[in-house]
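Sharing a structure here in structure tokens format.
Chains: A, B and C, in written order; residue numbering restarts at 1 for each.
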């Protein structure tokens, strides 16, 4: 049994930063648009075979990320039993998941927490560690406390995920793309909290060019609490390498507040680098998500980024289609200045 | 509810022009091959959420247009109500639709009217206005008189569509790809007629290089009348920019004549440019489409292009896979000469 | 009626050859991963319209072969009747099919017979004849003795397939990609045997550069016999051009032996070139395929390649994702040395 599913999101967004601006139709104001196929075969005795294929879809142009459609969001085949799941292929890295699960904006649109927590530095989605900052190819993963094939924990206590991604380098060459990481959490009733740590090998800093890679280290801790009015969220984390001045420390607070047939997401995120100029940024964002049905919403979001010192944080987009590209107009080593973004759109799931 | 659908067309075609020739398997002799996913969610109260994803498919090689599959034919998400539909994404431009709806060959195969009406000049599918001559990315559209998600008008009176496509340029740079256009029509019983007008910004003529774009203007008017024997069609139109000698005037007549378990499409198209040499071309085409079922047909088409003065019109193909590429062998500024094309093929829909 | 189907395979594989090694997650240890859509429309009177779209899927990264997804494995539309099937598009060439059907490893994983029979030379999957060594674009095919749309013969006696692939060259230019070939077989009860021959035009050897192509000729003969313990297989074949020293002669023996809830594939393949140094290689492979269900298996494979003289045979992969790329580290004209590969993985079909 195969399930064909998808999310189509389209919004009109305006971004301004450092004296430049852009108006766009984007594909991920509330959620990254996607198309996927997934399925499970019950093998008996608690055993199941599972697969999951999910493509980024730029709804504004019909393209995939960078051209033709690929299952770049997830491509996995797995065997699950009462003893957990062994999952092979391309998937979110464990150290990324906390960025996503505990962001009231789910990393989409102008308010995406990843503008701050995964932006601006070598450890982020556009930096030297990009190959495994969000997802990893060629990975083998063990999951405990998740339903077969699932992204979210079951919610009946402890859960864990461990991943190793093969670098697939020829012997004697740098193991670029290698990833080793884990995540340990607890989810029960209103509470969900998780800690993660990972080491990976990516594009080298100047100090590491000789050996062909730098080692990137990520730690984060995050949690949420659901109550009558909605949900509270908080996270802290660090990204660093052994090179001097490459440690980024970030934290954030957020909430989703039930309001009529929908909810208000609100979040504050902050980051600071330990370099000579103590570069960093703060972001504050608020929105409203109005449910037309369980599958379809209208939404609006407003976000502001305040770069500190030579901070280079901007609206970096969750779907490759929500990045205004304003930063390409700024010179090297200078702050991007403050920025404002807003979006109004429609999202439907099927 | 998602609907998976498609059209697979394959034909053996032969083209000759200017002393050169080519025999091909093409993917669009009767209809562009395609694969798509679409669906509608009823939100109650006359409201619905809709999506439509449709990819060009070159059935002769399995590829998409220019490589991997993308939903380049259409990628839209929309909200429809009794007050019309707001549709976001990539779609046909309103000024293109009359080219398609009122061509007995539906712009496919050797007889495609677009060889003439969208060929040979800067305003056509291969010219400076190519980004929006057929479809536009990043568009917002309002439709009235169409069923939700539909391409064709309901047919109970007046219909209208208005589109604006965001150029997504950074402030201070040329707004290439911007499109503003509309179409107004009337369909009822045997009658269908529509008028459209659009302005867009595309690759500049020499006179406009300084500001980085030329403004392209398109007007067209077309209609059809259905009666016992079949359907009659006619169209006129102009494409022009403000640069001297860039106005193209085209017109055409066509019919589909019921004949046994199928029909005979026949069409004449003509175009003339207002440049010093009054370049232009005429095309005449005839075919037979034999229905094996409601979804599957066998067909044959024969077409002839007569280039006038330095006309550079050729079989430009509806699907990227039906273009013999003969014209690349001709020098600049010279006529492509006369050409003949024929095709015999099979088309099935699912 | 459209059928959505697929195969997802993922395995951990290790390859070593000539002093180099690599560990990988691959997508084709037991079967090339793929995603497809196919269907049949019954037109009555024994007539049917059929289509088949099938994409290579690199499950380890989510990509298609070389980037975005395309239906590169097969893209056909056909008309079938009691008099056989006319199939148009991209499909396996008749001269390839015997390589696949009579290999106990079905050309997948470290033990793929194609490492030897389609490797190392200009007539193979990476050589001058690559455009049609496995599949051909733009082809028209006639099949007899096959169910509509099928790959395998019905098994009630004689079967045949004839293919011509259009080179789609402009008149006066080399007909690169042209293919003419056929296959004639007999399948009934436990017996299946087939002979094939083809001529094609591909990238020229030095001696043929003037006319722009070399003519590649392939002949092969293969058979299998099924009995209580499993199945025995054997094949012989030659690939050659008119250039001196370009004739490759290969042969092989294989078996699948029933063993518990699965089977043991085992195969020996050998090839020899008629050049001055008599280059060649032998490969021996053995595995076990354990069925968890009719659709899902666990498997392991071990293979060894012994290059003779200056042989350049290696683990060339069935899916673009199972090629360790070690050979790029070796110099021109030198042997790749001996190699060993093994893989352990999971494959599920849907």
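Everything below uses one rule, namely that a residue touches a chain if its C-beta (ideal position, glycine included) is under 8 Å from a C-beta of that chain, and two chains touch if they have at least 3 such contacts.
Since the model is a prediction, treat every value here as computed from it, not as a measurement.
Asks: Tell me whether subunit B and subunit C, two copies of the same sequence, contact each other through the same residue numbers or different ones, using over half shared as the line for same.
Replies: Since fewer than half of the residue numbers are used by both chains, the interface counts as different.
Asks: Would you kindly give the rotation angle relating subunit A to subunit B, two copies of one sequence, based on a CA superposition and rounded to a multiple of 5 degrees?
Replies: Copies differ by a rotation of 120 degrees.
Asks: So the centre of each chain is just the mean of its C-alpha atoms; given that, what is the distance between subunit B and subunit C in Å?
Replies: Here subunit B and subunit C have centroids separated by 40 Å.
Asks: Please output the residue numbers of subunit A that touch at least 2 other chains, ranges allowed.
Replies: Touching at least two other chains: 4, 64, 67-70.
Asks: In their shared complex, at which residues does subunit A touch subunit C?
Replies: 1-2, 4, 37, 39, 41, 43, 47, 49-51, 53-55, 64, 67-79, 88-90, 137-140, 166, 168-172
Asks: Which residues of subunit B touch subunit C in their complex?
Replies: These residues of subunit B touch subunit C: 4-6, 8-12, 20-25, 35, 57-64, 67-70, 292-293, 295-296, 324-326, 329, 345-348, 350.
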